[in-house]
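Chain naming follows the written order as A, B, C and D, and within any one chain the residues start at number 1.
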Amino acid sequence: MIKLQTPTEKIGGVPLTNHMLLAAGVLGTTAASLSRMLRLGAGGVITKSIGPEPKDGHHGPSLIPVSGGILNAMGLPNPSQEFTGEIAPLLAENAPVVISIFGGTPAEFAKVAGWFPDAPAFELNLSCPHAEGYGAAIGANPRVVRECTEAVKAFGKPVWVKLTPNVADIGVIGRAAEEGGADAIVAINTVKAMRISTGMRRPVLGNKFGGLSGTAVFPIAVRAVYDLYEACTIPVIGCGGISTADNVLEMMMAGAAAVEIGSAVYDNINVFADIAEDLYAPNGIPAGELVGCAHD
Amino acid sequence: MTEEHMPAVVTITKVIDETPTIKTFVFDELFNIRPGQFCMVWVPGVDEIPMAFSAANAITVMKVGDATAALFTLKEGDKIGIRGPFGNGFFPTGKVLAIGGGIGVTPLFTLAAGGEVDTFILGARTAEELVFADELANVTDLKIATDDGTRGYHGFVTGILDQLDATEYDTICVCGPEMMMKGILDRLIARGIESRGQFSLHRYMKCGVGVCGSCCIDHEGLRVCRDGPVFTGDIIRNSEFAHHHRGPSGRKE
Amino acid sequence: MIKLQTPTEKIGGVPLTNHMLLAAGVLGTTAASLSRMLRLGAGGVITKSIGPEPKDGHHGPSLIPVSGGILNAMGLPNPSQEFTGEIAPLLAENAPVVISIFGGTPAEFAKVAGWFPDAPAFELNLSCPHAEGYGAAIGANPRVVRECTEAVKAFGKPVWVKLTPNVADIGVIGRAAEEGGADAIVAINTVKAMRISTGMRRPVLGNKFGGLSGTAVFPIAVRAVYDLYEACTIPVIGCGGISTADNVLEMMMAGAAAVEIGSAVYDNINVFADIAEDLYAPNGIPAGELVGCAHD
Amino acid sequence: MTEEHMPAVVTITKVIDETPTIKTFVFDELFNIRPGQFCMVWVPGVDEIPMAFSAANAITVMKVGDATAALFTLKEGDKIGIRGPFGNGFFPTGKVLAIGGGIGVTPLFTLAAGGEVDTFILGARTAEELVFADELANVTDLKIATDDGTRGYHGFVTGILDQLDATEYDTICVCGPEMMMKGILDRLIARGIESRGQFSLHRYMKCGVGVCGSCCIDHEGLRVCRDGPVFTGDIIRNSEFAHHHRGPSGRKE
C-alpha cells in the first residue's frame, strides 16, 4: 500500500499532526474527551457544534447504530458561550482544535465566533440535516452560505465550511463558501435518513428524522469530494464513512487534502492510531502527490 | 462493519411496586447481561434513558424526571424499547463486598443474585425505601443502614463500612448517590486499596454506545457508557467524580 | 412478526400478486429473466428503462459491489423500440409488468410510451443519477417532472414516477408528479456516489460517477418515503435497500403501499420468495392497516 | 450484507504470445479458481470484459474488439483490474472428455492442468492458432483437429468426436464457438447423453455478478455470469443457444 509522510504544512490554515481529524459531534463535548482523542492519534479535533444559545438537544433515542452506519439526531446540544471555559485549557496548549459553530443567520455565526478569540480555526456547520432553522436548512442556500462564511471570516481566522450532501449540486454550495472567503470545505455532513421501529410502529429517533453517517455513506462522500475538488480551488476535507487507511487514500485521490473521522470510533476508539500505523512511513510520499490524482 | 442495533421492543409482563418511588418492570425478553451493565430504555414519545438491569429481563426504576414519570404510567402489556446491554459491568475477584445506596442497589443486586457477593451493605433514607432487602438477605451477609434508623444501622452505609475491615475484601463494588460513593472512595484511599473499589458511575447519556461524548468524564475523557460505567477507585480518584457533572447541553452542573 | 394478506386490490393501478416488485434495471433486459423473477416470487416486475434510441450503455466497469451496497453506472443500455418485441409475450400473458421508460423531454417520454399500447403501466425514470440529459438531470426540476408525467398520462394508463433522492426536498418533486397525473410515486432511485480504485488511482466505474443502492441506502429511502407520504396523496412505492420482510413492513409504516426490490438479488436470487414466506400468512392483516402508521 | 468487491489491481508480470491473435497475461496475484470460472478484466480507461482464467494467475485472450486490442498493448509492469472468480465452473465426474475450439480451450486447459481430463479434443482453424497443445499433450490423451488440416485431423472437432464412443465418457466439457458447441450438443442429444455435456457459454456481460441481466439467456432467463457460464446440455438444448444472443443494448443479434 502507498505510504505517506505526515503533513509538513498547514492544511486549510490549520497545523495538523496527521491528516485525520476527529469529526464534529463525536466525542467533542468536553475538552477532556477531545484531548483524549488527540492522545489516541487524531491529528486534529473538531469540537461539538456551538451555537448562540444553550440547547439540550432532541429527546432520545438520538443515536442508533444501523446496518453499516449510524443514524442520529442529537439536535445540536451545546452549552453555548460556556464552552469558552470548557475549551480554554486545550486552546492554551495550542492543540490543533477547530471550533465548530452554528447559527441561524450570519449574525449568529459571527456572535458565536466572537467568543473564541483564541481558536485556531472555525468549522461552520451549515449542514446538520435535522435542526430546524439551522444547518442544512440554511446550508442549501448558496447566498446564505456565502454570507455566513463572510461573517466568520471577518475574524481573520481560517474558516472551514462543512456542507450537506442533501442538495442537487454540492459544487454550487462549495463555490459559495469559497466566494465567502472559506479556507477549506468539509464534505460531507450526514445524509438525511430515518428508520422506523417496526415493533413500535414509529420512527426510532426521538426527532423522527435524522442523518446517516458511517461506511454506508462513504461512496456518497467520495463523490461529493470529487465534485468539490473540480468546483473549487480551496482545499477539501473529506468526511463520511472513513475507517481504514485505504479509505483515507481514496478520499485523497478524490481530492481531499485531509479527512475527518467520526462514526468509526463506534467500532474502534483506536481508529486514528490504527490507520496511522498503516498510512504513514518514514519514507512515505507527500500526500500532495495523491490529492486529486483520480481526476487525471 | 457497524452492525444494526435498533431497540428491541419488549412488552411489560409485570410491574412491581418496590417502594413508593421505585418500581420494577419485568418484560418478555431475556438479555444476556453481566451484572453492572445497563440499557437505554426508550419510552415512546418521551425520551430514552440509561437504566441498570435488575435482572436479565427487568429494570428497576426510581421516579426522578419526565421519562421515569412516563415510565411509571406504563402497565402490563405496554411496550418499551431496550438497547443494550451496554458498558463493562462489574468485574469482581475473590471476596466481594457490595455497597448500594438507594436505587444504586440495582446493578449490585444482579451481582448478588449470581452468588458473587459475600457481604452486602444496603442503605436507604428510610426503611420503606429499601429495595431487594429480603432477596439480598437470602444470598449475602446483608447489613442494612437507614439514614433515619427505621431499620438496621442508624446512619449511612459508610458507618457500617467503618465497622468492617475493608482490607479483608478483594473487591468492593459500589453504586449509589455520588456523595455516598465519595465517602467510600475516601475510606478505600485511606487504606490504600482504592484500586479494589469498583464504582458504577451515573452520568447524563445520549447515545449509550460511546460516540456522542455526552457522558465523558474529566480529566481523562473516559466514556461512562462504554469505558464504564464501572471504574476502579484509582481511575476516578482524580476525576470529576464527586466534583461536577454535565447536563444535556454539556454545561457543567 | 406482523403477517400480511396478499393484495386484494390494484396498487397504483396495477394488479400485483404480492407487495414486492422487481426494481427497474435489475434482471429486466429480457422477457425471459423478468418471467423468471415472477416465477421466483416477485409480485410484479419493472422492465429495464427503455428510451427513444438504442444505447449500449457506459463502458465498464459498470457495477461494483461495495460494502453494504452496489455502485453502478450502467448508462441506460436499452434496445429502444425493439423492446416491444422482446416484452410482447409477457404482456400477452397479462403478467404484472410495468414498463420503465426514460427520455430527455416530455415528447420523448410520450414517444416511447406510445410504443407500448399493451403495457399495464409505465414507470418514468426521472432519477437515474448518471445519465447526462436524462434521469435525475431533469428529474430535479418540478416543472419537467410534471410535464413528463402529463405527456405519458395522456395514454390513459397508470403512470408511476420514480424519483431521485439527490434533491434538497423530494416532496416538491413528488407533488409535481402528482400534479402531472401520476398514479404512484416510486422512491428512491440510486444515490449519487463514486468509488476510486486506490490501486489504479482512478474512479472504478467506467463512467466515473454512479449511483449507490442496497442496504446502505435503506435509511435514506425510508426517509424519502416518509416525506412523500406527507407531501402527496397518491400511493408511494418504496424502493432502496430492502432485503427482509421487516424492511418491507418498515417501508409500509413509512408510507409505502408496495415496495420494489433490486440489489438484494445480488445476495439472494430467491429474495422475493424468502421474504414472502416471512411476510404473508392466511390470517394476515391487510397491508392498508400498516401503510403510513408511523405517521400517527 | 453485501461485501465489498472492488477490482483487485494486479501487475502484469509476463506476456506470452500464444498465437498471432492470442496472448497470455500472467499477473502477480493468485486467485482461488475452479476450472471454468471467469473474471471481469478491467482495462483502465477502456472497458471491462469477461475472460476465463487460464491459470490461477493468468488470462489468455484473443484479440477481438476494442478492449482486447487495448489489453494487447499492455506490457510487463502494466496494471489491470480483476474481479472474480465468478460463475460456477465445470463440475465433472468420472471419465472426462474435453472439447475446446479456438480460444475456448482456455477454461478447459485449467481443468486438464488439474488432471481432471482423460481425453482432449483440441481444434483450431489452422496449426499456428492452436493454443496449449504441447501442455495438453502432457496431461491428456490429446487429439487435434484443424480446419485446414495443417495439424492433426483435417476438419472440425466434431469429426474426431464421431470417431470416438462418446458414451464411454461420464462428462463431456465443451468450450468454443457456439456453432461448434451446437454440433457437439446435437451429437450428444442423438445418443441421449446431453445431460453429460457441460457447455461453457459466452454472452455479452456487464456486471458479472448476476444483477444487471445483460447475459440472461432465453427461455429460462438464466444468468450466464452467475447461474453459468457452464450449463449442461439438457438445460441449453431448448434455449437461445445457437439461435441468438444479445448485444450491449439488449438487442438480439
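The definition used in the following text is that a contact is a pair of C-beta atoms (placed from the backbone, for glycine too) under 8 Å apart; a residue touches a chain by one contact, two chains touch by 3 or more.
These are the chains along with the protein names UniProt gives them: A, C = Dihydroorotate dehydrogenase.
Worth saying up front: this structure is predicted, and the values here are computed from it rather than measured.
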Leftover contact groups, counting everything except chain A: B | C, D
Chain centre separation (chain B, chain D; CA means) in Å: 67
Cα-centroid distance, chain A relative to chain C, in whole angstrom: 33
Inter-centroid spacing, chain B versus chain A (mean Cα positions, whole Å): 35
Averaged-CA centre spacing for the pair chain C and chain B, given as whole angstrom: 50
In chain A, residues with contacts to at least two other chains: 66-69, 195, 202, 215
Contacts with 2+ other chains: residues of chain B: 1
Arrangement of touching chains [line / ring / star / complete / other]: line
Inter-chain touch pairs (all): A-B, A-C, C-D
Residues of chain C that touch chain A when the two form their complex: 1-2, 66-69, 71, 136, 140, 166-168, 191-196, 198, 201-203, 208-209, 212, 215-220, 222-223, 226, 246, 249-250, 253-254, 290, 293-294, 296
Interface residues, chain B side, partner chain A - complex: 1-9, 40, 42, 44-49, 79, 81, 83, 206-214, 216-223, 226, 246-252
Residues on chain C engaged by chain D in the complex (per definition of touch): 25-30, 32-37, 48, 54-57, 59-70, 72, 74, 77-80, 82-83, 86, 195, 197, 199-200, 202, 204, 206, 214-215, 262-263, 265-267, 269
